[in-house]
């Protein structure tokens, strides 16, 4: 497998294979089958920095299997999301995993130094939104971004939001995370000039309906530049924020 | 009918009837039946200033009938909500009705001078919310309140909201009206020290689901002191605001 | 921090700082950051009597930390809502907390004597609504209000409701709490002349859909003067009731 | 067709056919096919008094065709529900139809005198519910029931409901019709000792969601003896009320 | 308390109190307050046979307290619904309670002999609906009705339904209980000539949405004579069936 | 374009191109671009009999353009669904279109004789479901199937359904179409041994919620062999029924 | 019971009973009543290969009872779905049950050799959908079908889907199983020429709303030939796939 | 007003005002009040190219008023969204407006030449999604972006999507617009390496529930880099795409 990719890239460097052709090959072809999951060997190449495992619904054994295949293919920076403490302990028996309990995130390999391109602000409405925020922040960090955390700056205490006007105005991308009424995204969207990724959370009770209230509120934001990902999807927000932030490189 | 009430009140003044007893009588007894609607003759007494007709689904003829009965009973300040322009023209043939087109409100008798007790702020997120706001404002005005209108101060342009910090902070009651994401209620609720009545509107499209988004958002407001009325219920908000504002008199 | 506020207030008393300016400063500025939460130091001043901690999702350690900061700032009457028995026991090791099990509420410092301004009636449809009602009642009490509890007066046994007509008619604010069909708010709203705060509860089964039925019913109340807070939000209702009741002071 | 039924019944009277057998035959066998609809020839027999056509979505021509078949089979008392004024005028060209505009109901043949068995009370919360109520009332009347109409007795003005305590307590069946919060069913259900058929209506706006609010409220009624039919289904309620009321005969 | 009622009834028998007046008194007045619940002392009189306690959310101690008060007032046939096995064991320590595990129902006193008036058929679509069916059947039985159980006769195996055509056709009331698609109510409603009370159950998975599918299906039944109670509300159906069945006595 | 396909097929017949390869080419390649729509030139080949245009949201001019391209490519049997009468008249000016008003379907070219493979039964619960049924039936007919129509056989009159037991039991595929409670699919699914395609319709009112009730009911069918297509999707059902029926050929 | 069927079949073989008549008898008559469930003795005959028990909500004892009756009636290949590991262990004490843990499926008797008719492809979007897929696959296998499993071929990695174009294009029926956005059904429906049975799964979080998102997506599939079964209903899909695949035999 | 801004900017250029301070002033201060709308004078400055008017719910007169104020402030490139043909004609009487009928968009001033930074691909699933797509495309164009339109490339005909692999892989931002099942976003998200903005549309019928199906599907996309805006919100998508695309400049 690795050889195939090597050959392809050598072909490119020798002018035998065009860049376009090589990209298409990487896009439309191979992955390694280990029975319970197809491990995609190309993502790292395309993305350059790290590989991700979605831990929910996977046994520690399955995750270890995937990690082993990834490592064999030369990837040594791996992010595992939705990882329980018990599963983390199992993995730690065979791999040096750093576990971030609040985020439910495990990381193999070290967090890279920020690459100096832009700043991603991760803001939350309340303290209960922090687990989702940490998932987003760690995802952005492992992909090389500088991250500023602004937690518990919900709009019901507007002075808390305004106290961070500087960070909000100088961010390249903002991830606005809130449950309940989800107003944070609109307020930040109105203050900032950069793209705002809104993450509704399932925090709340009663008529929050497990995040539906925040989700609808964010989709209806009157502020331009706001888009929304799934409820509690911190990883998705962090990944997209990285993608947008690195447009600068494009 | 009027005599009955008069006698009751005379009885009270002569010490024959206790105040409690009289109130209970007024609470639990009479109304005049004119076939298609029971006209409640006690509301005015209890409330002192004006009578209300809910115009939706009533023909001009029915409304004129109700007006006639009300006038016979000595009430000459009448508010008609959800009144179409056509119906208003019909009524104007026999009664001197002032029609407020944007609010869909008709008023018989003049708007009273503000009675000097407190100030009710009516704020909207956008210009499309103004019809609901005018229904609320006129309701509050006909009941004798001083009303300040702050329209199009939605949180996506936060400086618009903050530009009116003085009015917000000195209000005795605030009615916050917004469609779409409904964040206005939370932001104002966080700034103000007084009760905030939130009115979701059906303004919007797509995932606003005819006001559901704003409704849920407002119910989930993290700001204390916020309560919610039905979607587009400007009258209910104005009426409740009057009730709260006149607590000062109690 | 305390000094700052002191100076500000001294400035006001000496005529150097206008009242408006001081209020604005208090509104838009400071809070103390203790890592996992921003403790708002101004609420007590604005409100005068007590401080609130929302216990859900906070560890006992975090709550103790917040209590410590509050006490350092001179606040000694603290209400903790959504507090589990276990967390209460942890806190009791270091602080003299009184725990109200049915309400899931903890109180530091004593409940004040009622200040003699008005009466707040807290009514429930059934016995299962009592936990929400107690959260509302204790909130109102710690803020100095006289509270009358009318429990299990649901409209399916209308004589139960009517047996308390006196209390209903003489209240300054009523909190109507009900699950299932939520009709209590409408019936009380029709009987009372004061503002009614409706609290839907998640009590029920089947088509109650965890409080949705009561919520919609209450939002659609035909009775004027009724507004609604989130499902099971006893605290919000108690806080707002206090705010309205103390309008009399304004 | 008619002969078949005649023979069957003669067989019964002559002891050749058991009653059970005959009923089963009538239950499980014939109907007349007129292309666009199968006209059920047995309903009248089983029910004894009248035949029903559901007018919605049928052209006047189709309805006239069905009427003709029914008349040929000896049925001369026919109720047409959901009938528009235009369609009624078309039918009136060939049949002496009495059209009840408010109910959207047409009746061929005269309304029978009440048969003296029990009383059905038809109550509505507001005036806008009257069309549904009239559909229910006329259905009950054409089937021979005594009907008492109590309109606009909604619980927000509880004295209006209580003013009719006598009728409510002496009814054999009550049809409680209401939109918005639908509390009427619970209150009447708590007062009455007889079965209460609740009919939610689509009357209302905003969070009434076209009758959903009233529907859920009625399904969650804490009062025993209450059951619910579809939103706006006046006919179904009237038909069921007749069935229950005539249990007395059984 | 008992004296009061006795006196009232003696007054009636001596012609001093009219029947109407006495009924009104019973309707609109007393209940005994035992702190956590108002025990209604009139239900038994009006209904003649048994008293009901809704067990969900009540502690064994609270239920024992209510039982004690009921017994003091001369009621010795008591039905407790939604009763867990643990709570039943607690109650059995002080009271001779018969516990029906499948139904989650406890009964004090014996089930009466059927009073010979009519027959109530309780039918279920599947075996999983039996707990709800038993709650309905036992409720009907304790109120003196003859009950026939037809379980697992769902329409997907139509021959199962048709095999019981005799019972269906000779019933005075039918309770049709089904989860999933809820079609049983329509099929039985089409076969029977008597009132059908439909009970949706929360049995099912996926798009049954905890009973919503069956609920909507039953509300939309094209069969006349069908009405619906809340999801899983076996008690309500049994109680209403008894009420309708005993119309024959009226 | 046509040449390309011709060459491809010639290649196959000459053994130069494998069948698999040719099929893949047809699957993954060409379509003709006429600006407002990509006309797929391969469908007819794969399917052999007719081409379909989804008429909703297309102007008559656009449809004529698509027809012209299709005809140029040798297709002369074309089905147009969701076609209004006005649009049909426009098309008829240039093309010999047969318009089926009730179904909202237009057909160019003649309906083929049934090919003798199996029988598709199209059954409806009521007369209002016929438009959807005709869309399904005509779709199946244009693709060469024998179709039997069983209309107005809803389960509330079960004898109507059972009267057609023969057709139901001898069908190769059944399309069960119903609004309201949608029970028809379950009853037929229980009687038949063949695949049943359930089509919920938007027929109904109130709690039918525009077909949601029938949709959920059908998805929850306890009968095996039942699957569901979108609300009102007669075309989809007819197309799938043809596909299943012609499995016999495979 | 068995005798009855035997006699019936003998009657058929001797020409005394027509095939149609016998089938009808089998359709509309008997089943064995074992108290808690009616065991349908005819299904196996009609279907020829295996019998199914829906394990959810049944105790091991009840399932053993049903197995015993089935075995007495000569059925020795039995599929139990929704079977927990604990229940499986109980059954294994008395019956040689093979338990498939991932699928939650138990099988008595051996899986038959594929009968050589067609191929059913079972495809999933992700690894978390495998339990539902295995239920579908095992159901199809026990009924004699050849099954190809394509797991984790979701459309977000389209190359994974396309890598299996051959299997997709040569299948006789495809079961497409996916949670989250459910796009797999549309993509496969567009590629394949055979019927596609879409199974939404409850896999996912947030706005997947327990399978609602995938369900709606699949119902709205623009690809022809796609129909949908209930969320997580692997058995229903496998059973229907078998029915369609064996049309070839018909 | 203009002077104020001028002075501010002069202050900046003369070093009297810091850049930060000036930005803050612009952020938090002025707008021009013309009664029915507050015209925000700063947006253009911050954004540099064009001004937007949301036309829905505004009269032509109101829009002309806003245009006049904008022009007075030196803005001559104005985009009006949700503009009806009639309103466009009214505006054209006084202003040279170019009206794009399909998009419902009006533009004053010319579309600028693309600025050469990146490429935005606007793709739709079907032809009915084009109005939303054109709103998005024109918004992106007026802000200076190069736009490639890929219409009717829905995944049910996957070859249509794959035919544009080059454009998809070389885009800097992709806007994926689809109704019905909304699968386009996932498929494109899986193919592309750039941010994908998903726009659900209200195109469809039945279980599309006015865009809800596509909305949920897109929110649940398994593809990384996908975020979602409101149903039919072409403008929002175009605006955000511009913002992301111009990150390259930042």
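Per-chain numbering from 1; labels A, B, C, D, E, F, G and H assigned in written order.
The definition used in the following text is that contacts are C-beta pairs under 8 Å (C-beta built on N, C-alpha and C of every residue); 3 or more make two chains touch, one makes a residue touch a chain.
Source: prediction; values computed, not measured.
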### Query
Between subunit C and subunit E, which partner chains are common?
D
### Mean-CA-position distance for subunit E and subunit B (Å)
44
### Query
Using the average of all C-alpha atoms in each chain as its centre, how far is it in Å between subunit B and subunit D?
38
### Mean-CA-position distance for subunit B and subunit A (Å)
48
### Query
Approximately how many whole Å separate the CA-defined centres of subunit A and subunit D?
60
### Summary
subunit B residues touching 2+ other chains are 27, 157-158, 191, 206-208, 212, 215, 219-220, 224, 230-231
### Task
Report the complete set of touching chain pairs.
A-B, A-C, A-G, A-H, B-C, B-D, B-H, C-D, C-E, D-E, D-F, E-F, E-G, F-G, F-H, G-H
#### Entry: Contacting residues of subunit E [partner subunit F, same complex]
125-126, 154-158, 179-183, 185-187, 189-191, 204, 206-209, 212-214, 216-224
### Message
Under the definition above, what is the set of subunit F residues touching subunit D in their complex?
### Response
127-128, 130, 151-153, 157-160, 162-163, 203, 205-208
### Message
Going by the contact rule set out above, which residues of subunit G touch subunit F in the complex?
### Response
20, 23-24, 27, 46, 118, 165-166, 169, 172, 191, 193-195, 197, 215, 219-220, 224-231, 236, 239-240, 243-245, 247-248, 250
### Task
Would you pull the subunit C residues touching subunit A in the complex into a rising list?
27-31, 36-38, 40, 56-58, 200, 202, 211-212, 215, 230-233
